[in-house]
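Below is one structure, written out as structure tokens; comments come after it.
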Amino acid sequence: MSSSAAPSDASPPAGEPPGPNHLRRFLTIWIVASVIATPLVAIFLGPILPPGKASDVAAGQVTDFTVTLSLATPVLLLVVLYLIYAIVAFRQPSGAALEGPALRGHAGLQTFWIITSVVLILTLATYATFRLEQGYGAGSGSGPNPLTKPSGPRLPVQVIAQEWAFTYRYPTYGGVETTHLELPVNTEVELHVTSLDVIHSFWAYQLGVKADANPNQDNIAFVKPTKIETFEVHCAELCGIWHGAMFDHGHVVSGPAFARWIAEQQRFFAPVTKQLPKYSRTYLPEPLRRGE
Amino acid sequence: MTGTAGKLAAVLTAVAVVAALIALYITQWATAVPATVVATPTPGAIAAGPTSHLVLQTDAAVGPQESPSHPDWVGYLVLRGHQWVRSTIYQVPAHSLVHVTIYQFDSDTGLRNPFLAKVQGTSGGVELVDGKPLNHIEAEEASHTFVVPSLGVFAPLPGVPEEAKNQCEFGPCDPATMAHRTIELTFRTGKKGRYRWQCFVPCAAGTYFGFGGPMQTLGYMDGYIDVV
Amino acid sequence: MSTTTVSRTPERPARPLWRRLVGFNLLAAVVLGVGGYYFGWWIGHLVTNTKSFEYTEKVDENDVALLLAYVFGVVGFLIGMGFANYPVQRLLGRPPSLREKEGEGVSRYFGLCTDHKVVGIQYLCGIGLFFFIGGLNAMLIRTELLHPTPTFTGANQYISLVGMHGAMMMGMMTSGILGPFANYFVPIMIGARRMAFPRIEALTFWLLMAAGFILTSTIFFGGFPTGWTGYEPLNDQAVMGMDSYIIFFALVGVSMTLLGLNMMATIITMRAPGLTWSRLPIFVWATFSTSILMVLAAPMLIAVLLMAALDRTVDTTFFIAAGGGSSYLFENLFWFFGHPEVYILALPGFGVILELLPVFARKPLWGYRLAIAGMLGVTLLSFFVWQHHLFVSGINADLRPFYILSTEIISIPTGFIFLCFIGTLWRSRISFTVPMLFCLAWAFNFLLGGLSGVFLSDAPTDTTTHGSFFVMAHFHYTIMGGLIFAFFAAIYYWVPKMLGLNFNEKLGKVHFWLMFIAFNSTFLPLFALGMEGMPRRASFYEPKFHTLNVWVSVSAFVLGFSMLVFLFNTVYSFIFVRQKAAENPWHSKSIEWQVPTPVPVNNFEQIPVFDSDPYDYGTPVPVGAGVGGMGGPQISGAGG
Amino acid sequence: MGLQIPAVPAGVEIPPEPPDVGARALAVGARLLAGGTTFFFLSFLFAYFYLRSIDADHAWRPKHVNPSTGLGIAFIVCLVISIVLAVLAGRGMKARRAGWVRFAAGAVVFGLATVAIQCIEYTTQNFGPTNGAYASVFCAWTAFFLLATLGAMYWLETQVATEFRASRSPSEHGDIRDPDRLIAPGLDAAVFYWGYLGAIGVITYVVLYVI
């Protein structure tokens, strides 16, 4: 700046001293702010970010939220602080009609900006992809045959969406269907989400699971609950008049408790379990239309 | 427009017209819902016995008298006093037993999800179908259901057999003369609040999955249980 | 063309009233429109024998009839407007003409007028009308959400309101800036006297108006439950109100395609001598890149909506699994339009902001070519990101890494725009006029919108944010914070030239501060609500969200009130005070401010010749001043 | 609202741009329109391959769904002839040959013939739009292509009609080859668009009948 401060400071009114070195000043402000703010965000905001640590994928999302937010903080500060700085430092003196310096660009700065943003973006994208393939995206619907499957035994549970309720079917327990969802803790669960009619979306918030329920499609999501607790189930895709009311609670329980519960369900629903269609990955029940 | 007064008058008139239009829009369309029907308190309520009573009927077509715009839509009617009205918003007391009698005039359609043929959440886990207690019905016999998911109440309603004499064509139907099934159930209301109830049988003729039209419109096959 | 006009000149005696009413004008258009509507309705019932009941001659649900009614209604309306005259003449072999006879008087503003300035003002008023209808629906939505269960509106009215608000804003506001301001100023900025296809220009406006009224008419047919995305198969299941949505969006699609086509043809062929591509005002570049998206993306919307209409009427099975169809098909085709659509909304905002900034910073636009690169880059990339709307849908899950990458790459060209913004403000002389305030607010809002987008483009975090209030807040920050703030900046900046009257600046500043604060206080909490697990479009929500929702609703009402302040300002300034605007109140160097106010019918006495871009503000600096000066090698802007 | 209405003297005309501008605008417009049309039909092409690859519920294409090959061939033949004639007409106009109008008229006739053939197909085919996804795509795609054809035919027809009228009353028209009249560029644009649309039509029929 020294090279250009006094001479290139455009048309200073008579007697005004050469302007301060805005660049150095602003960069200092920004760097200091970022150095302070970014760790604070990572350390204090990170842990309280959604959706919590009730399952492996949920915990993974908390990490991703933290990383992305930390990376975004300096960018946010850059523009916001710059806006404030500009508003304070670069105002037109009242009554005056001064012109700024006729600057039309700066090759070096533009190149630098492009390279930096490319690097930042590629970092983010690579990180996201890496985490996705690591299985932290497994909580989101991954289609009928996901690329990455968790190893080891899995408890298959079918989520059947219809206007306007979710019901749950346990193929390994005689294909019993239940009104509520209960899962054993520390067990890898394989959710098969499908719909009998329109598009719904199965959202188990605390578990970090969201998978669209499409007609005639099997949409698989994996989750391993790690805490015994109650979680919320929402529909996250507009599906008609009671979309908002498609709300329920599910429970993560201990292994024995789950065994007791499922046995009770099998006994209670025995009469209708007989009537259910054979377990399959999708259902296209009649009637499609009534009276036509 | 000459003179400030003239301009003012014109602007105020315009504002008044717009305001009137908005008022019409809000009152006549946005907030237009069926009237709430209060369940009749049971005279001399016995301890733990039913404290209020709802009498409903389901019709294959609610008829021009109940719904001039959609006479052919399937729907529920409720008995208010001695008169059938088309409303699906029912008010019941909190933490109390509600006894529901449903005269079922529609023929069977069958459930898309047979699982819902199970009776749940009623006292004794059963419903009385023509006086006979059942804890489930045959899925393909279902004509409608009365379900309040948030209260855990699931009551499937078997349909009138095709071969039955003098079927009711459109509502309001007369239980005294016309072929019907009578379903009775009792359930306990929870804490105060507004709960949705709906039918789970694909009974909306001509719409995909039988879930369009009346199945997605308040006052036909969907409504609220207002627990106060 | 506009045969509706009335002579005010003494030579010609004014025609009798009946002569003015008969002929091609708004009255005839409305009459023919209504006639066409009932004709189509009748035909529809003729060709279909749907379920009918002996006790009522009227069949209550007949999609064929309603669709035909709308189509015939629109056709009748356009014929009444006089849009059929020229095509019929050509059919009979009358020679094509480049000339347009111009009418006189107020009637030009209520009919088919091929003066681009009249069309611009028509757009401003027409779009404004539907913008306020959409806003009213938003107010009703927020009123409903004051309570955790539906108590104010009915549950099905609620989702209809959500859909109407979304469709109205996404549909009508696509032309929010291109309609009024590009139509009015692009020909002037490029030194032309007219658009390339003036009749098509008028057509786009009246099509849009017809579309708006059709969408509003959905309330007479039960509304529609699908939101603005109109997902199948819910779309197929819905009542007749859905047909209003289909025809509405199809007409908007046609209007967009034609608008973009006209703009591109104009910019390519009608630039004045000396106005090279590197001298175009940046707003013209934004219009150009937006038009590319409009011409290429909108036809896919039309196509997919026609498929939906066929599914609803003649029972084709594009989207019905049991008939070999797939709901994924709709999601793919819709979002292939839908994502370019959001940039159709954002890009004109970029253009307005970068166009206004130099005027109020008294500096040249910094990084002119970088800005162009940014806009064209966004245009190109926006065709490759659509499946990021479907990360959790189970559609091609293995392609998610690609869409993560493409989506995050698109923020690079967007970053260019920000760099130009920063560079232009550098050591500038900001004067805080109302338009400038909106520009500065735009930077803040769009930044938050863009950064929140990163969480949605990252598949793992999208798992939680998708379909929640988070995404809702995100696109309100980009579209309302981006487009609408730029829209108001443009209004405060350009309307004095369009109408020759000044806004009251005090009221303008009140409007700005109310709007800016209320906007942020409305939508910032929605990020939190979404992260806490509140789904979109839900009229039931958990009590734990109640407090925040009340806060948001109250802020939303203040936001709505700020719009009323703007309305009051308009009425007060333009009807009561009527203070004449200066020819060039902002001391802009752009050409549209050099022509007299009001702009004469044929813009220029003789076509101007350009020798620079419109940004030669500021006092020259020695070339090669260090980074501190941010001068350096002149790599961009072919300055005069 | 309080508009400042510019005082427009009675019957004032916006002076035209130089004629070549109008000509270029037509050319550019035709190409942009072709671009939009491409994306419109692209969505049907996408639907075809997408639904075919999914074959949901094995309802993509029941056995009996077979449009008649004979009519398909007839359609393609008429289409190609029409395009060739149109191109010849364009060439003729460029070469200032008066005969161009006969080619143009022929192009219109054969173009309308394709429409007629498609309508015969609809009335005679042994399936309806409801018979699976292929039937849906077939009916919708051909129907909208048919509409686009009608539009292009209208465009060509206007050129023919103008020529006929001008040849009858030259006084009224003057020399219609005067670029200000925009006949030549108009025909040029129409021919380009019809040629492009025809190419899309060929692809349509290859996809729907052959693949």
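Annotations
So that you can tell them apart, the chains are marked A, B, C and D in the order they are listed, and the count of residues begins at 1 in each.
Quick note on the criterion: a residue touches a chain if its C-beta (ideal position, glycine included) is under 8 Å from a C-beta of that chain, and two chains touch if they have at least 3 such contacts.
Treat the numbers as computed from the prediction; the structure is a model and nothing was measured.
Using the average of C-alpha coordinates as each chain's centre, B ends up farthest from subunit C.
Interface comparison, A-B versus C-D: the pair with the greater number of contacting C-beta pairs is C-D. Nearest to the common centre of all protein CA atoms is the CA centroid of chain C. Put simply, the C-alpha centre of subunit A and that of subunit B have 39 angstrom between them.
Subunit C and subunit D, compared by their mean Cα positions, are separated by 29 Å.
Each chain gets a centre from the mean of its Cα atoms; for subunit B and subunit D, those two points are 54 Å apart. Averaged C-alpha coordinates put the centre of subunit A at 47 Å from the centre of subunit D.
Shared contact sites, meaning residues of subunit C that touch two or more other chains, fall at 51, 150, 155-156, 225, 233, 237, 320-322, 326, 328, 540, 571, 575. In subunit D, 56-57 are the positions where the chain touches two or more neighbouring chains simultaneously. Within subunit A, residues 197-198, 216, 240-242, 245, 247, 284, 288, 291 each touch two or more of the remaining chains. By the document's touch criterion, interfaces exist between A-B, A-C, A-D, B-C, C-D.
By the touch criterion stated above, subunit C contacts subunit B in their complex at residues 50-51, 53, 55-56, 60-61, 136, 140, 149-157, 161, 219, 222, 225, 233, 236-239, 320, 540, 571, 575-576.
On the side of subunit D, the complex with subunit C involves touching residues 1-17, 19, 21-22, 24-25, 28-29, 32-33, 35-37, 39-44, 46-47, 50-51, 54-61, 128-130, 132-137, 139-140, 144, 154, 157-158, 160-166, 173, 176, 180-183, 186.
Partner subunit B is touched in their complex by these residues of subunit A: 160, 162-165, 167, 177, 179, 196-198, 240-242, 245, 247-248, 268-269, 271-272, 275-277, 285-292.
Note for the complex: subunit A touches subunit C at residues 1-5, 7-11, 19, 21-24, 49-51, 57, 60-61, 64-65, 68, 72, 75-76, 79-80, 82-83, 86-87, 90-93, 96-110, 113-114, 117-118, 121, 124-125, 128-129, 131-133, 136-137, 139-144, 146-147, 193, 197-199, 201, 203, 205, 208-212, 214-220, 232, 234-245, 247, 284, 288, 291. On the side of subunit B, the complex with subunit A involves touching residues 109-110, 112-115, 117-118, 120, 135-136, 138-139, 149-150, 152, 154, 196, 198, 200, 202-211, 215-218, 222.
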